[in-house]
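Pasting the structures in now, so scroll down.
Next come two complexes, and both contain chain A; in the first it sits with chain B, in the second with chain C.
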Partner chain A sequence: MLERKQNLLGWLLVLPAVIILGGFFIYPMVYSLIVSLFKWDLLGSKTFIGLDNYSFLLFKDVVFKKSLINTLYFSIFYIIGSLLLSLGTAMIVQQQLKGIRTIRTILMTPLVIPMAITGIIWSLLYEPYGFVNALLDIFGVQGKEWLFNSKYAMPAVILVSIWQSFGLYTIIFVTGLQQIPNNLYESMSIDGAGKWKMFQHLTLPMLKPTTFFVTTLLLINSFKVFDQIWVMTQGGPGNSTITLVVYMYQKVFSSVGLATAASSILFIIVLCLVFIQYYLMGREDKH
Partner chain B sequence: MQTYTKRSNLKSYLILLPITLFAIFPFYIMLKSSLEPLNDILSRFHLIPNNWLYFENYKLVFQEYPIFRWFLNSSFLALIAVLGNIIFCPLVAYALARINFKGRNFIFLCVLATLIIPVQVLAVPLYLMMSKLGLNNTYLAVLLPDLVSPFGIFLLRQAFLAIPKELEEAALMDGSSRMGILFRIILPNTLPSLATVASLKFMWVWGDFMWPSLILNTEEMKTLPVGIASFQTASALVPWDLVISASVVAVVPIIVIFFMFQKYFVRGLTDGAVKG
Partner chain C sequence: MRNLKKILRCGLIILTSVMVVGVVGCSNQNTSGKSTKRNIVEAWVFPIIPPEELKKLESEFNSTHKDVQVNLTVLDWKDGREKIKTALSTNKGPDVFYIGVGLDQNYIDAKVLASAKSIGFSEKDLEKYSPLIESNMVGDSVYAIPLGYETNMLFYRKDILSKFGYNHPPSTWEELYKIAEAISKGTMKDGKPEVMGLQIVGMDDHLNAINMSWISMFQAAGGKFMKSNKSMLNSSEGEEALNYMRKFYKNNISIPGPSAVNGFTNGTVAMFYFTQPTADQQSWYTSPDMKDKLGIAPMPKGPKSSAGYFGGHSLAVNANSDKKEQAGEFVKWISSPEKVDVFMKSAHHVPPFDLSKLDSEEKRKIDAITNADKATWDVIFQQINNNIDGNAAKLLVQGRKGYTERWDAQKSQIVSALLGETKTKDALNNIDVKVNQALGD
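Up next is the complex of A and B:
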């Protein structure tokens, strides 16, 4: 009797989750996998074509290939830039300085702004007579048409993405740095080690788990990038900033089959990255 | 030693200055551009606007675009989503943390699975689903996937598990019901976690772009980011005076909320990063 009551109460309480998560997370995911096996342009009828959408994407579609390459290009420089900037910043803001809490909060501010608005603000900064070119002018560097040049659009978008999220990774690095026992630094400085040596032989090795973690996080986020690119360039000029999600979005109205196949590929990639992350974290925990 | 630390502190501040400026400067440019006529924005760059009290852009943008409506839409959607989360997530989290029912582990596994699915992956199939249900261009379509978040369930479950079981058992002995325990013992002790869930959810829905821009397509239904982005991307000649003052309208509320609840935001953002 009691057990039945417990079961009833339990299921009653989780009902909202079952409906919402089941109906609007798990079901669409499965539905997407099914639709990806069909040829479908939203208005017309569906025809079953097996894995043809996938093989078209992976082996024939040059735009999809371009979007994969761009996503990788984005992730490499986004990761390197974010790691350097946030680790460097963390080394400083971890100190007990006056006003450091306020500074940490300021560094987090870009994170709470709607990403689409961030894209808009930076589009203004990248205008021919905008702030970026004015700044470069001071150093005697010729200004560029950042978002209208296929060579510079991607770096411009990457900088925005680094700007948006480096505060978060800084805070994660600060947490990692604070876990390094102080006496290790003390004993090294008694041995006469300089600051750089300490960083190289103590800080960096001790930070390895945090760095792994941040890197996989950055990688996962690179594969999801969309809002700022859509607002700034819509994938252009000449597909130079088209990424996986941008490709997906462009395809919704012309070929649902391809869009869902691309989204399944994205899901598989993210899933693999999450598992790698858990695996690495688990391994670090055991040590 | 004293002077040594002072000097090294000074060096730290000197390095921090450009980094902090980097983080904050775009906001300043946004603000100052919103106080300039279009000609000034597009010609030579000025660091300081000619007239700090030039509010024509704001007047114009409220006349020309349904900014006020978009603002109401964004606020409404964000508030309802927050409400949904602070009502439903604790119930689900409590059941997962404390009630032994058949299938609990399976449900928890599903919550973990949904935690991994990126919203970007869901946008396309959700769009197809909602169109089929005839919910295209409705608030309901935007809201349904936002009413319960796997992140909120997960975070609250962790918080509930941290409360000593003895407290609950004593209350049960005194004849409290399960719901009584949740509302009188568990929730009052986990308010910070609830605040974290609420502030993050507000931020996410307020700033959400891909999903609402897919599903909402008439002017009066749009949210602030979707509306502003649509007149930014509509033509090659961007009406910067209007776009940028509208952006200020979209940014200011969330910054105010962020500074009011920064403790919860920071905790939630780092927790959110750690947990997916």
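Up next is the complex of A and C:
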């Protein structure tokens, strides 16, 4: 009797979490999966069409393919750029130098500015007669129409994204670096290892859990990139900066089925990538 | 004893709560005890005139109508359409909502638009409207009531044009190109014009506007959105319009990026074309800086006509609303000839009525406004007539099908073509493919 009461109490205690998870996470995901099997323009009635939305996206829709390629393009450069910059900055700011606290604060500043505001500010900076071109002009470099040229629009957006978020990853790396015991560096130094050797054989391996965490965050954030692109280019010029989430947003008010099918595909891609990453990191650990 | 105190305290709390609820409940009754509960109508609109003007209209309606209270919500242009559509998809949504002139086939198919007659408009009321009302009709029925029309006009800086020897605005495509070229080439520095002869709106930070800019040229070239139920932008008319627009960027007369409106204000853009309320929004009519500089002209004549982009703002009543009658009362009031002066004054919106069919009292306010600024109103009315002659309403009706898809596809493809990144024929074909796919091709 007592055991039954305790069981009931246990269920009651987890009930709020179950309701929140079920109502706000599981139900929308399942509903989105169901809707992806229908043709629906949001206002009219839904028509069941099976997997037609998926086959259209994967085999016929060139814009979806472009959005997939652009998302990969964005992800690769955003992840590599952010990782290198934040790790490098972390190595610098973890040292006890004069004024380092001010530098750490400055690094965090872009993070507290909403992405939409960041996008607007950078759009102005990128204007043909804007600050960036004026700066380049001082060094004798011909300015570009950054957001109006399909060659430069995506790199311009990636740069802003890295600038906005690398402060956060720097702080995470600083925390990781602080976990490495100093005596290990001292031992290696006694053995005659140089700075590069220490970085290669001590810092990097010891930072592996942090790097895994940061990479996972970067991966997820890069695949759901939306705000800065919507504010700065709306996916243009042409479709040169359209990403998966921008594509979904454009579609959701005219073809809910296609948008939700695209979101299911995005979910599977991110899941696969995280599993691959998890597997690779685990395999290295065994070695 | 302690229990008794607790009970008394609880009793006191309950009693106080009941009294509070009672007082609040009674506040809806007048002194005679008769209920004065009003029907609340939710209306979602866009800031087609300054929001404070809309709020004034709301207050005026509520103070003059004792049975109906309207709650006016002013939505943001950037996501308001999506909010309306999402709300209507729940089969509830607002009782009255904004819809652009021309309507959207999705709304028609979903049967969310109540017909004008079902919300209290008589045949006589509807006869007062100009022929452009056709753009809000399906079959013989009107499904949204226009508040005012907008049309693309050519804005030109008189001071810049006269500096280059032009005392009149261009009246044809050829002249527009020639004047723009003279200004841009005449101010060229380091490969870029210091004063751009023409900037096309949408090739700047106002990306959505590329739709209006393109449609203007497409319309003037005699283009049609649909032929035999298929999207047909990829046509000789489409190519001619797009190639013409492309010439400005290809020949470095215009450069993508700088804002047309800001450039016009500060004198780095000599001409642009966009809807007539732009001048009101920028306070150009009253700004001392723009005195003797602002010029407004009808759209330059293209290969087929002088028609340009034409649109406007309407209100529709939700067919699923249980307050259709009251919602209709509000729509009838706000769209009446007596209230049209608010829209004319605030944004130079063209009244949707056939002025010859209004009685003298109804016409009085309209005449007062048009007479106060005759030159401006004359060119706006001239452009509206050009639109009527160029079958602009028919183009709007054609555009209902695949409207959202066309809107999005044009944004990416037209810009891409103007930048020379996609061939004009390919860009037009890409739009057709997207629209036809959406139509179930």
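General observations
The rule we apply is simple: the second predicted complex is superposed on the first by the 242 of 287 C-alpha atoms of A that agree within 3 Å, B and C clash if a C-alpha of one lies under 4 Å from a C-alpha of the other, contacts with A are read in each partner's own complex, and residues count from 1 in each chain.
Please note the rule applied: a contact is a pair of C-beta atoms (placed from the backbone, for glycine too) under 8 Å apart; a residue touches a chain by one contact, two chains touch by 3 or more.
Note that this is a predicted model, so its numbers are computed, not measured.
In the superposition on chain A, A:67 makes contact with neither chain B nor chain C.
By the document's definition of touching, of the two partners only chain C reaches A:239; chain B does not.
When the shared chain is aligned, no partner comes close enough to touch A:82: not chain B, not chain C. By the touch criterion defined above, A:250 lies against chain C but remains apart from chain B after alignment on the C-alpha atoms of chain A.
By the touch criterion stated above, A:53 is placed in contact with neither chain B nor chain C. When the two structures are aligned on the shared chain, A:149 is found in touch with chain C, with no touch to chain B. Legend: residue contacts after superposition of the two complexes on their common chain; A:127 is shown touching both chain B and chain C.
Between chain B and chain C, it is B that contacts the larger number of residues in chain A.
By the document's definition of touching, of the two partners only chain B reaches A:21; chain C does not. Across the two superposed structures, the residue set of chain A contacted by chain B and also by chain C is 123, 127, 129, 234.
By the touch criterion given at the top, residues 6-11, 13-14, 16-18, 20-29, 31-32, 35, 85, 89, 92-93, 95, 97, 103-117, 119-125, 127, 129-131, 133-134, 163, 166-168, 171-172, 175, 213, 217, 223-224, 226-227, 230-231, 234, 245, 248-249, 252, 256, 259-260, 263-264, 266-267, 270-271, 274 of chain A touch chain B in their complex. On chain C, the positions that touch chain A within their shared complex are 81-82, 85-86, 88-89, 106-107, 109-110, 112, 192, 203, 205, 207, 255-258, 404-405, 408, 411-413, 415-416, 419, 421-422, 434, 437-438.
Chain A makes touch with chain C in their complex at residues 41-44, 56, 60-61, 63, 123, 127-129, 145, 147-150, 234-240, 242, 250, 253-255. Residue ranges of chain B in contact with chain A, taken from their complex: 9, 12-13, 15-16, 19-20, 22-27, 29-30, 33, 41-45, 88, 91-92, 94-96, 99-104, 107, 110-111, 113-114, 116-118, 120-129, 144-145, 147-148, 150, 153, 178, 203, 206-210, 214, 224-226, 228-229, 232-233, 238, 240, 243-244, 247, 250-251, 254-255, 258-259, 262, 265-266, 269-270, 273-274, 276.
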